[in-house]
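Look for chain A in each of the two complexes below; its partner is chain B in the first and chain C in the second.
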Partner chain A sequence: MRLFLFRRLLLAILVCLTVLVISFTLTRLSGDLAASIAGPNATASDIAIITRNYGLDRPLPVQFFDWAGHAATGDLGRSFLYHSPVRELIGARLPVTLTLGLTGLAIALAVSLPLGILAAAREGTAIDRAIMLVALVGQAMPSFWLGLVMIIGLGLDLQWFPISGVDTWQGYIMPGIVLAFSAIPALMRLTRSGMIEALAADYIRTARAKGLSRTKIVFKHALRNAAMPVVSIAAVQLGFILGGSVVIEAVFALPGIGYLAWESITKNDFPVVQAVVLFLAVIYIALTLLADMMNALLDPRLRG
Partner chain B sequence: MTNSAADPVLSVADLRVTFGERTEAVRGMSLSVARGETHCIVGESGCGKSVTSLAVMNLLPRGAARSAGHIRFHGRDLMGLSEREMARLRGDKIAMIFQEPMTSLNPAYTIGSQMAEVFERHRRAGRRAAMDRAAELLARVGVTAPGMRLGQYPHQLSGGLRQRVMIAMALMCDPELLIADEPTTALDVTVQAQILRLLQKLQQELGLALLLITHDLGVVARMAQRVSVMYAGQVVESGPAAAVFAAPTHPYTRGLLACIPVPGTVRRDEPLGSIPGMVPRIAPGFIGCGFRDRCGSAMPECAGAVPLRDAGGGHTHLCRLLPDATRAPGA
Partner chain C sequence: MFVSTAARTGWRLPPVRHLATLLGALIVGVAVVVALLAPYVVPHDPFLQDLNQRLIPPMWMDGSQPEHLLGTDQLGRDYLSRLIYGTRISMLIGVMTVVMSGLIGITLGILGGFYGGRMDDLVMFLITCRLAIPLILVALTVVALVGSSLTVVSLTLGLLLWDRFAVVARTTTMQVRTLDYIAAAKAAGASRLHILLREVLPNIVVHLIVVATLEMALAILLEAALSFLGLGVPPPLPSWGLMIAEAKDYMFFSPWVIMIPGIALFVLVMGINLLGDGLRDLLGADLKR
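Here is the complex of A and B:
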């Protein structure tokens, strides 16, 4: 187990480094940074000053290691747009995005687990087919479109929920549902197939031969084994949800990391872009590690 | 000898199991097992042994349909029971163990947890009492350090140990009937012998009615008081094990016996080796002898209804041939 975690951690650090290099290179490739910082009315000497001040005249590897070195100590640089440390910008927006992501995941799990289990327990019946049809439709629905439909229907017409901002907790509901929608089909399908496989296993026949109740058989014996792949995918889906929040935070005007990313990309605020990409990569890796650890808790064979 | 007809623990009459329109896997099985008796069902793979046992437990897979004259447990017909009533018997008065010790235990729970839950379910016992009972039974089936085993997971145990755990788990609630479907087939030879000895010892000590399913006549010779030879969903020969081994009357049984060297019973004039051909898949409504494609004594009339013949002493067979005729030398 310890070796297993160590290997995962090593892999995580490698992935982080790769992401760093890629995000760094991409921002440098997107044109003359000094010129875009200086603005359209800048003179050539303005640009030259900025280039020198920001160290943009140094060789790329030097710039990279300078930035990476600072990033490693938690110093992510300053935003050109806000003129404040990137770390503060991210820190201020993090709670919004995390709340949104966890709300989305919670809604997704609350819908997909029961439906997936029900579909598996009623495999091949009309109930199963109806549930799978819903999953198919859900998968085909673009999330920004669903977001707009909800804003118009539930926000403007019925006025059940605020259409933007997070002044109250209700502000998280609609974007949460929209994000959940993108995760539900995969989670539901996986729950269903995992449960079908588990329910056909020999140990389920043993459980039945022991006279256990249907509830015990489904929820104790089958679900525990079906849960492992679901946990892994749930972590990946939360990563997708957080990535998807770039679009959804823009649609619902939520002041989160996604909104910050969108803003900094359009304004070419490269320290922020780099930091956000790095940050999302770290979160993504942390989620995968978390899923591995939860699976080790669920499956004694992984604990060795 | 035991007369299983007197007060059988289990009595099955005319059991039929179909899978859709094309397969009748069990075609009118009848058998009974008495207290303290080991009744073996023996036959090649695919002849319907597992389906028979699952039908008795009402654990058939989806798509299977069963019917029977009766399936009586201590005189009470199980055919009329609801799933809930049947579940109350399973694991309590009727227990079952399976062929695959590697996969029959849930990998996610400890041995103790899986053993304890049967006791909690049927005896309304608490976890502590159930664990004590589990440790007691592990010791009884010859598992060393039972207290430590309770906290282990199935993957930490060898195949033989797991099968011992399965047996101990089956005995948690003092069952009267134990159905064992090829309990040693997946184990290596020395472990097989240990498990068979254990089953025999427990059966005698506890007075179990043991329905033991096997494809191995060596197991039958060692374990059975009664034997039912199954072929293509039917019992083709049944009787006291000693009588059947001494004088097999059905051509299929004689073919099977020719396949294994049981001292004193092998007919030297028959070739050793498996019976050529395969167990056929038979559809509902089939008439005639299911063995006729592989039978050396087949005649045109074997395509018609086959009579059940009595060789005396509870020894019967399903064949047009008379018991005496089949016993004639060189027949």
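Here is the complex of A and C:
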């Protein structure tokens, strides 16, 4: 168990370091970061000022270790546009993105768990097919477009929900549903296949031979075993949801991290972009580590 | 997806399944033909603006005009013609991305799965790193810094979407690596490269085709999202995502301006996924996860 966790932790740290290098390299892709920050209408002296202020005239390795050293202590640099520390910018917007992500995940689980279980219990029937069709539809749905359609239909025509912003909790409902759509297919398929596998196991046959009711078999015996992979995938899906919320936050004008990143990209505020990429990657790594740990706790076979 | 177990219950509805595959094949087939023949089938020039003919509604609505079957956009450009050219962009992005990501992912997956040990550790590490990177954000940044064009978008997506190829190629290679014909090829003195390309690859290619359809669908959706956010294919190219973005300001008064490209996007992606699902069943590429 301890060895397993130690190896996972080591891997997570290695991945973090790699992501650090990637997010640093990413913003240097144009060749001249100062020119990219300054934008197309900048004069040579503007570029020179930016170069000096950000220390972009230093050799790349020096810049990297300076940035990485600060990032490791939680100092993610300063925004060029807002003239404030990036850490504060992210901190102020994190609650919105987290609430949105958790709302999306909750909706996704509330839809995919019951439907996945039902599909498995009625495997091969028309019900199963209809439910799998839902997964296919979810997979093919362009999320930004679904958001716009919901804004027109539910926001404007029916006036059920506000069409943008998060002044009230209702503001999270529509973007939450849209975000959930992207996680539902994977979660539903996994629940279904896990349940089918569990229902085919020997202990289910024993339970059936004992004369237990179908409901009891499905919910008490099979679900417990099928739920495990779903729990760990749910953590990973939350990581994907947070990373993908940039599109949804842009559609619904939600002041979250994704919106901050998009705004920073379109306004050439690349120190912020670099920091957000790193931040989201670290969150994802932490979530997968958490999933691994939960799995190890739930399944003694993995502790090896 | 679950052929063996579904067959056991004896409650299968094969016609529905085949119908779905056929529908998928039909959609993809039409998209390919339309994409290839775009310049010959468009009723109008998709780039020609006519400010006197702005936002003409499509044929099923009042005030439509027979020469613009799907109406015109906010700049008076024929919507059907733009939609047809948009098919070309989506298919091009999908194919280019899959070729690129397939090359990267399959190479890594086969190497990791065949050699195992350190090599496999490295491949798994690369996959983990790739998954940790926020996909859309990184793609947006690359396009913003390098410049938006069709090539940049598909190269960027290709460099990012190889993870599933690698995972599937690795798993399936591990399964065939121990089989007799590999040992036979080794005994016959075949080179490593020969074994990997001639013995391993053909035996896992069925699974990779299914991945290719999934990734193609994903690439098309991502290109639309990037273009929608203004950092994908540049205007005036009629990418479906860009069409939605440009028409967004008019959607409250004439919702069809976003409905038409959105539905096209949905139908094409759905068609590719249906075809992929069907191929998985037909080719018996049911991979236990």
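Following the convention adopted for this analysis, the second predicted complex is superposed on the first by the 288 of 304 C-alpha atoms of A that agree within 3 Å, B and C clash if a C-alpha of one lies under 4 Å from a C-alpha of the other, contacts with A are read in each partner's own complex, and residues count from 1 in each chain.
In this section, a contact is a pair of C-beta atoms (placed from the backbone, for glycine too) under 8 Å apart; a residue touches a chain by one contact, two chains touch by 3 or more.
Computed from a predicted model, the values in this text were never measured in an experiment.
Engineer: Please determine, from the superposition on chain A, whether chain B and chain C clash or fit.
Structural biologist: Because the two structures are overlaid on the shared chain, the partners are seen to fit without clashing.
Engineer: After the superposition on A, what does A:S193 contact: first (chain B), second (chain C), both or neither?
Structural biologist: After superposition on chain A, A:S193 lies in contact with chain C alone.
Engineer: So if I put the vertex at the Cα centre of chain A, how wide is the angle out to the Cα centres of chain B and chain C? Nearest 10 degrees is fine.
Structural biologist: 80
Engineer: Answer with first, second, both or neither: which of chain B and chain C does A:Y203 touch in the superposed model?
Structural biologist: So A:Y203 only meets chain B here.
Engineer: So in the superposed three-chain picture, is A:H221 touching just chain B, just chain C, both, or none of them (first/second/both/neither)?
Structural biologist: It touches chain B, and chain C stays clear.
Engineer: Regarding the shared-chain residue A:S112, is it in contact with chain B (first), chain C (second), both, or neither?
Structural biologist: The answer is neither, since A:S112 touches no partner chain.
Engineer: See if chain A has more residues touched by chain B or by chain C, and give me that chain.
Structural biologist: Of chain B and chain C, the partner in contact with more residues of chain A is C.
Engineer: Touch check for A:L212: first (chain B), second (chain C), both, or neither?
Structural biologist: After superposition on chain A, A:L212 lies in contact with chain B alone.
Engineer: Once chain A of both complexes is superposed, is A:Q139 in touch with chain B (first), chain C (second), both, or neither?
Structural biologist: second
Engineer: If we overlay the two complexes on their shared chain A, which of chain B and chain C does A:L298 touch? Say first, second, both or neither.
Structural biologist: In the superposition, A:L298 touches chain B alone.
Engineer: Give me, in Å and rounded to a whole number, the least C-alpha distance separating chain B from chain C in the superposition.
Structural biologist: 6
Engineer: Give the list of chain A residues in touch with chain B in this complex.
Structural biologist: It comes out as residues 201-203, 205-213, 216, 220-221, 224-225, 298-301.
Engineer: Show me the residue ranges of chain B that touch chain A in the complex, using the header's touch definition.
Structural biologist: 57, 59, 87-92, 95-96, 98, 100, 103-110, 117-118, 121-122, 153, 155, 166, 169
Engineer: Across the complex, what residues on chain A touch chain C?
Structural biologist: Interface residues on the chain A side: 11, 14-15, 18-19, 22, 26-27, 29-30, 36, 123-126, 129, 132, 136-137, 139-145, 148-149, 152, 156, 189-190, 193, 196, 200, 242-244, 246-247, 250, 258, 261-262, 265-266, 268, 270, 273, 276-277, 280-281, 284-285, 288.
Engineer: Touching residues of chain C toward chain A in the complex: what are they?
Structural biologist: 1-2, 5-6, 9-13, 16, 125, 128-129, 131-138, 140-142, 144-146, 217, 221, 224-225, 228-231, 241, 244, 248, 251-252, 255, 258-259, 262, 265-266, 269-270, 273-274, 277, 289
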